[in-house]
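By letter and in written order, the chains are A, B, C and D; residue numbering begins at 1 in each of them.
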Amino acid sequence: MGRAPVSSLAFDIAHLLAGGMLVLSFVLLYQDRVTAVLNVFALQATALALSVAWQSVVQNAPHLIVTATVALAVKGFIIPAALHRIVRRLDVHREIEQVIGGGPTMLAGLGLVALSILLVQPVGERAGIIVREDLAFALAVVLLGLLMMITRRNAVTQIVGFMSLENGLVLAATGAKGMPLVVEISVAFSILIAFIVFGVFVFRIRERFDTVDVSALDSFRGERRDHI
Amino acid sequence: MIAPVDLLLVIPAVAIPVLALVTSYRLGAALNVLACALTCAAGVALLFGERVRSELLIVDDFNIFFIVLTTFVGFTTSIFSATYIAHELEIGRITPVFLRFYHAMFQAMLGAMNVALLANNIGLMWVGVEVATLSTVMMVGIYRTPEAIEAAWKYFILGSVGIGLAFFGTILIYLTAQEVLGEGLSAMAWDLLAQNAGRFDPRLMSLAFVFLLVGYGTKMGLAPFHAWLPDAHAEGPTPISAVLSGLLLNVALYALLRFKMVLAANPSTLNVGAIMMALGLISLIFAAFMLYRRRDIKRLFAYSSIEHMGIATFAFGIGGPLANFAGLLHMTMHSLTKSAIFFAVGHIAQVKGTQRIADMGGLSVTHPVLATGLALGVLAIAGLPPFGIFASEFMLVSSTFARQPVLALLLIVGLLVAFGALILRLQEIVFGPPKGPKDPVKASYLPLFIHLALVLVAGLWLPGEVVRWFRAVATLLG
Amino acid sequence: MALILELALQGLQMVLVVAIAPLVLGITRKVRAHLLRRIGPPVLQPYRDIWKLMHKEAVLAHNASWIYRVAPYCIFAVTWVAAALIPTYATGLLFSWSADLIAIVALLGTARFALALAGMDVGTAFGGIGSSREMMIASLAEPAMLLIVFTVALVAGTTQLSAIATIFTTAPVGLRVSLGLALFALMFVGIAENARIPIDNPATHLELTMVHEAMVLEYSGRHLAMIEAAAALKLVLYFSLIACLFVPFGMATGDKTAGAIALGAAVYLAKILVLALLLPIGETSVAKMRVFRYPIFLGGAFAAAALAVFLLFVSRGF
Amino acid sequence: MAVTIGLWCVAALFAVSLLTLVRGPFGTAFVYGATLVISLMALALGLTELIGARVSTVALPLGLPILDGAHFRIDALTAFFLTVVNLGGATTSLYAIGYGRHEEAPMRVLPFYPAFLAAMNLVVLADDAFVFLLSWELMSLASWAIVLAHHRDPANMRAAYIYLVMASFGTLALLLAFGLLAGADGGYAFAAMRAAGPAPLAAGLAVILVLVGAGSKAGLVPLHVWLPLAHPAAPSHVSALLSGVMTKVGVYGFVRVVFDLIGAPTPWSGLVVLTLGGITATLGVLYALMQHDLKRLLAYHTVENIGIIFIGLGLALAFRANGMDVAAALALTAALFHVFNHSVFKSLLFFGAGAVLNATGERDMERLGGLIHRMPQTAIVFLIGCMAISALPPLNGFVSEWLTFQAILVSPQLPQWGLKLAVPAVGALLALSAALAAACFVKAFGVTFLGRPRTPAAANASEVDGFSLAAMFILAGLCVVAGVLPGFVIDALAPVAKALAGDVMPKQVGVPWMSIVPIGESRSSYNGLIILAFLICLGTLTALAIHRFATRATRRSAIWDCGFPLDAPQTQYTSSSFAMPIRRVFGTVVFGVHEVVDMPRPGETRAGHFAVRVIDPAWRFGYGPLARAVASLSLRLNHFQFLTIRQYLTLVFCGLILLLIVVAAWR
C-alpha cells in the first residue's frame, strides 16, 4: 500500500490500531478452538474501541466516545461472556469444523486484503490519507468477517464472524469525518448482535446454520426432495 | 394542523404502542385497519398538498407515488389480515398475545417503510429499510413451528449481512459526498447528492454502488442473494407474504434506484446498468426454472416475485426513458397484483387447510369466486392482457429488442418459461376434479378485487398525472 | 343464327364423344383379344352390353342410400362434360373456355369422388378396398398431372385447351424433348386413371388386386350401365386429350366451314383409332403390378414430368 | 363513422359477456341470440365497407400510456376480415342456439363466447401494436377458457395448456417484430410503422418473426401442434370458430404486418413463406388422413388449408418483390378467397361433426357409420362441405385453388432461379395435397355416414334441431354460390389487392357468361355456372331418359359382396384400413408410423390384434426434447432450494467478491 508520510502521528496511531484489527481478524481465521476465538474477538473489540476513541480525539468529535464505550462494553465483555456461557450450556463442539482448511483460508484472506487495497488505492486523490488507510483496513476486516462466517460450521464462530464484520463497519463509519448517526447506528448494531445471540440461546439453534444431515434440513424447507 | 408528511410517520408511531396494549382481538384488528386507513388518507392528501423538502424528509415525483401505493396496499392488506387472522385465531395457530405483537409489528413495518420512502437522507432511509426488515423477521417466525423459525432465522442472518453491506456502501457514498458538500447531513441528502454527483469521485461511487447493490439486492431477493425470500413467504402469515412481496421488495428497489439516480448524474462512473441487467436476467431465468418444481403454493408465488423483481431490475439496468417507464409501471403493477394473489392464496390455503398445490385441485368447482380471483391474478402476473403487467412487459421487451436483440431473446426465454410454469400450476389448482374440503369461505373479497380492478384499469388507461411522474422519474434515472 | 350454329357445333362434339366411346372400348378389347390369340367379342359388343344393362332391373342392397343411386348418373354426367370440353375436331367452340385443363382434371376428380363414395355406400370390404386404392392412385397421379399441365402451359403460355391446340398447330413450336416427356408422363397417368394394366385389370373379378371393379361390385342394371359408359367415356377423354395436346393437327382452327369441320372430324377419328390400337399393344406387353409397386410406376410419370419442366427452364432459360 | 360502429359492436359483445358473468346464465338462447344479432350488424358493416372501400380511423383515449391513445382503423383488408369473422360468428351463434342447449356446464362457455368474438373483431380493427397484441392475446385467453369447458378430462387440460403456451410464444414473437418496426423510441402506431419503412435486414427479420408469431396462431408446421389438440377439445361450435375463424385472424396478422406495415418485400421472404406453405399443406393433410377422431381430422385439415393460403401469400410476396403487381394481385386474391372459402366450409364441417357428436356421443369414426339414413339433412350438408374442401368443381374450394394454380403458372416469369425451381415443386405439393384431401374426405364421409352402423349409438342416432340445420344449410348454400359465381367475390377483393399488391385482377363481373379470367382471356378461364348447369342437365336428362325409355324397375335384396357376404358391420373398411395404402406409401418417410400386428397361429383361438401408432414428428424431434430439457434443467436448479444458510452466505460472498473484482478491473 502507498507509503504514508511518517510525519503525521495521527495517521501512525490510526494506522497501528486499524492494522491491529486486521491482524486480529487473521488470528480469528486461524483459530480452531471456540474459547480461543472468543478471546481473540474480545481483543479485536478492544482494539476497535481504542481506534474509535482515537478518531474522536483526532476529529474532536466527543460523541464518538459513546460508540467506543459501547463497543468496549458490549463486544469486549458482555457478549463474549454470554457466548462462553452458551458454549458451556449447549455444549457446542469445542473443536470448530472448518469447511476449508486453515492454509487455504489464510490464502483467501490475503487475497481479500489485496483486493480491498486494490479497490481503495486509486480513491485517494481527494480523500484524506487517514480515510484511505482506514477504508482499506475496514474493507478488509469486513470481507474477512464474511469469509469467517462462510468457512466455519459452528454457530458461535459464525456469530463472531458477523461481529467482526460489523467491527469493520464501525471502523469505517468512525473513519468518515463527521458522519451523522454513527453513534446511533453502532448502538443499533450492538442490539442486532444481542438479538442474534439471544436467538441462538433461545431457539437452541446450534448447527442449524449448517448441518451435515441434509434430510434434517429439508424438513425445514416445507418441501421435501421426494416431491421432486 | 400537522402536515400529512408528518402524519405518515406519526400515525404508525402512535399505533404501535396502542396496538401492543389492546388485548381484545376485534378491537386490535379494527384499530389496525383504522390506523392504516388514516395513513392511507395522509398519503393521498400528500397528492394535493405542496411538495415538502427538509434536511431529513422529502416528497418529490419519485416517492410520492410509492408512498400512496405503499399506504394503499398496507390499508387493503390490513382489511385482509383482519379476516385472515380471525381464522388463524379460531384454529388456534396463534395466541392473542402474539396477535398484539403481530399488530404492533405490522404498524412498525408500515411506519418504517414510510420512513424509508420519505427520507431525504441516505442514513435515515437505511434505518427505515432495516427496521422494516427486522419487524418482518419477527412476523415470519410468529407461528413458531420449526419451519417458521428456520425461515425467520435464515431471513434474519442473510438480512443482517445485507444490512451490513448496505451500510458500508452508505458510508462510502457519504465519504465521496463530504469531500464536495462538506461534513454533516447535507452530504447525505438525496437532492443535494443528485445535484452535485457530477463532482464526486466516480471510483468510490462505483465501489459504493456494488455494496449497495448486494445489500439492498438481498432485500429485493435478487438471485443469488434471494435465499431468504421463498421460505419467508411460505412460512409466515399470508398478510406478511403479501406485504413482503408487494411492498418491502419495492422499497428496497426504490432505495437502489435512488442511488442509481445519483450515479446516473455522473457519467464517468462504472456502467452499473450492465451489472443490473445481468443480475436481473439471472434472477428472471433462475426463478423461472425454479417455478416448475414448486409444490407449496406460497413458495411458488414467492419465486414469481423474484422473477418480477428481476424483470424490473433489468428494465432499470437497460435504462432509457421507455425501459425506465416500463420498469416503474412493472414495479407498481407487480406489487398490486402479487398482493392480490396472496390475498386469494391466503383464503384458499385456509379453506383447503393446506399449502400443498397437489391437495387443492378443482377450485373452480368448490369455490368459484376465489378461483376467479386467483385465476385473474395469475393471468395478470403471467403478463396476459388486459392487465397492467402486459403493458409494462410490452414496452420493455419491444424496446429492448430494438436496442439489444440478444438480451431481449434471453428476456423472452425467461418470460416464456415462467409463463409455462405459472399456467401449469394455475390449471392444476383451478381446474380438474375437485379435491379437499368444500365448506364455504369466510373471506373479504373486497381487497382482492379492488387490486385486480386497479391492475385491469391500469392495463388499459393510466391517469395523466401518473404518466407525467413516471416520465419525469424515467428521465432522471438515465 | 350464329349462336345457334355455335351451339350446334358444341352439341355435335358432345354427341360425338359419347357416341364413339363404346366403340373405342370395343376396338381395344378386340385388338387385345387378337394379340392374345383369341377371337374376342365383336367390336360393337359394348353397345349391346350397355343397352342390355339399361333394360335390366336394378338390384340394390337393403342399406343402399340415395348416394348409391345418384352416383352413377353423376359420374356419367361429369365425365361427359369433361370429355365434351376437350377440343376434338375444332378449336374455339362455344363453351371451350368454360373449363381449362386444370378444371377438366378436377372434374375427373369429382367423378372419382362420387365413385369412391358409391363404393363405400353399401359397406362391404370390397367396396372399401376399391375406394381406398382408387384414392391412393389418384393422389399419386395428381402431382404428375399438374406438372404435365405446367409443361404444356409453359410452352403454350396458357392452360386453355383450345388455345393450346391453336398455338401448337399455328405457331412454330417445333419438336421438344419436354413435350415428349410430358406425353410419356400423360400416358402413364392415363393408364393409371383408366384402370388399365399394369395398374388394374378391367377384365377381372374376384381378385384382391382389383380396384375399379371392386368399387362397382355391387352395381347392376342401369346403374352399372351408366358406370360402364362413364368408364368408356373416360378412356375417350384421355385419348382426345393426348390428341389435342400433342397431335393437334387437322383441327378446324379457323372459321368453321363445313369442309374444315369434316376434315377435323375425320382426322380426329383417325387419331383415336390409332391410340385405340396402340393401347392394347402396350397392355399386353406388360404384367399386372402389385399394389405397392404403383408408387414406382407413377413416380416414373412424376419424374418424367418434373424433368420436362426443368428441361424447359434450361432450354428457354427463363 | 364506420370504425365507431365496429367498436360499438365490440363493446356490445363485451357487455353481453360481462352480463352473463355477473348475472349467471340467462339461458343459452339469450346469449347466442344476442351474439347473432351483433355479429350480423358487424357483418353488414364489413360488407358495406368492403364494397365502399373507404378508410376510416378513430383514436380512443386509452391504451399504452406512452402512446397518444388507442388507434382503430377500417380499410379494405379490415373490412374483408370483418366479413369473414362475423360471417363465422353469426352462423356459429345461430348453430349454437340449438347446439348450446346440450352443454352440461353452460357457465363455462357462455361468458367467454361473446368475449372471444369481440376479441377477434378487435384484432381486425386495431391500428396500433398495443391494441393489436392486447386483443390478440385476449382472443387466445377467451378461447383457452372455452377449451377448458370440459376441464375434468386430463386430455383437455393438456390441450389447453399447450394451446396457451404456444399462443403466448406467438405473441412474444409478434412483440419482437413490432419492437423492430417501432424502433427504440416506441412508434407503436401502425401509421408510424408504415411511414418508417424498416431497413432491409430488420424487414427480413421482422418477416420471419411475424411468420413465427402469426403462423403459430394460424397453425403453420411445425407450430401447429396445439391446433389438433385444442380445436377438438372445445365444444363443437367453438371448434368451428377456432378452426374456421381464429386461424384466419392469424392470417390477417401476417397479411397486415408483412404486406401493409413492412411493405417492399424481398424475393427470398416470398420463397420462405411459399415453401413453408407447401410443406404445411402436405403434412397437414397427411396427418389428417391418419386420424380417426372426426374433429381432430378436421383440425389437421385446417393446417392443410392454412398451408394453401400461405402458398398464395408467398407467391404474392415473390411477385410483389419483382414488381409483377398483377400477378401479385392474382396470388393475393387467391389466398384471401381461400381464406373466405375455408372459413365457410370448415365451420360447416365442424357443425356437422358437432351434430354427429350430439346425435351419437361419438367422435371416433371407427364407432360410427350409416348415419346418412338417420341424419339425412346433416349428411347432405356435410357432403357438400366435404366436396368443397376437397377442391372439387363446381364448388368454391376449387375456385380458390384454381386461382392459386393460375398464379403458380405465372411464376416462370420470375427472375430468381430459386423461385423458378421452387414454385413448380410447391405446385406439385399443392396438387398432391388436393388429391389427398379428396381421399381424406371420401374416408371421412364414407366411414361416418355411409356403410352400416358400427355401434348401437350410431344405429339409433337422430337428426339434429332446426337451428343447427339452418346454420349448416346457409353455409352449404354459400359453398355453392361462391363456387358458381366467384366473380363477385374476386371483385369484392379488388380494393384489398389494390391496397396491398398495388394492382388488381381484371374486373370479373361483366365477362360473358359470368366466367372468371385471372389475368386475361388468352391465358385461361373457368365457368362454374355453366359446368354446374351442364352437370344438372345431362345428369337429369340421362336419368329421365333411362327411366322413361328403358326401365325404372328396382329390387331391394341382401348385399351381394362377390357371393359370400359377411354381414357383421365390423367387416367394413374402417378409417385406419382406408388410410392404410397411403400410410404405407408415405408413412415411414413422413411420420413415424408404428404398426403392431399380433396374429394368432392357425389353430389358436385367441383374438388377433393390430395397433397403429402415428407420432407427429414435431413432437418427437421438436417439443418433446424441449420439454425434457426444461424439466431436467429445473430439476438441477432445484438443488438451490435445499442449501444451508452457510452455503447461501457463500453465494452472497461470491457474488460480492465477483462484483468487487469487476470494479477493481474497471479502470
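Here is the rule we go by: contacts are C-beta pairs under 8 Å (C-beta built on N, C-alpha and C of every residue); 3 or more make two chains touch, one makes a residue touch a chain.
Here the structure is a predicted model, which is why all the values come from computation and not from measurement.
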{"item": "More contacts between chains, A-D or C-D", "value": "C-D"}
{"item": "Distance from chain C to chain A - Cα centre to Cα centre, in angstrom", "value": "99"}
{"item": "Geometric centre distance via CA averages, chain D-chain C, whole Å", "value": "35"}
{"item": "Between chain A and chain D, centroid-to-centroid distance (C-alpha), Å", "value": "69"}
{"item": "CA centroid of chain B to CA centroid of chain D, Å", "value": "44"}
{"item": "Multi-chain contact residues (two or more partners), chain B", "value": "153, 157, 161, 165, 203, 207, 293"}
{"item": "Residues of chain A engaged with two or more neighbouring chains", "value": "119, 122, 146, 149, 208-209, 221, 223, 228"}
{"item": "Interface hub residues of chain D, defined as touching at least two other chains", "value": "635, 638, 641, 645, 649, 652, 656, 660, 663"}
{"item": "Pairwise chain contacts under the document criterion", "value": "A-B, A-D, B-D, C-D"}
{"item": "Chain A-touching residues of chain B, taken from the complex the two chains share", "value": "121, 123-124, 127, 130, 134, 146-147, 149-151, 153, 156-157, 160-161, 163-165, 167-168, 171-172, 174-175, 178-179, 183-185, 188, 201, 203-204, 207, 231, 234-235, 293-296, 299, 355"}
{"item": "Footprint of chain D on chain B - complex, ascending", "value": "153-154, 157-158, 161-162, 165, 203, 206-207, 210-211, 213-214, 218, 224-225, 227-228, 230, 270, 275, 286, 289-293, 320-322, 325, 329, 364, 379, 382-386, 390-391, 394-395, 397-403, 408, 412, 415-417, 419-420, 423-424, 427, 431-433, 460-462, 466-467, 470"}
{"item": "Parts of chain C lying in touch with chain D, wherever the complex brings them together", "value": "54-67, 73-74, 76-78, 80-81, 84, 95, 97-100, 102-103, 106-107, 109-110, 112-113, 116-117, 120-129, 131-133, 135-136, 138-143, 145-147, 149-150, 153-154, 157-160, 163, 205-206, 217-218, 221-222, 225-226, 291-292, 295, 302, 306, 309-310, 313, 316, 318"}
{"item": "Residues of chain A defined as touching chain B within the complex", "value": "119-120, 122-123, 125-127, 131, 135, 138-139, 142, 146, 149, 162, 165-166, 168-169, 172-173, 176-181, 184-185, 188, 192, 195-196, 199, 203, 205, 208-209, 219-223, 227-228"}
{"item": "Partner chain C, residues of chain D touching it in the complex", "value": "369-370, 372-373, 383, 387, 390-393, 398, 402, 405-406, 408-409, 412-413, 420-421, 424, 427-432, 434-436, 438-439, 441-443, 445-447, 450-452, 513, 515, 521-527, 530-531, 534-535, 538-540, 542-543, 546, 550-551, 553-562, 565-566, 569, 571-573, 577-582, 584-585"}
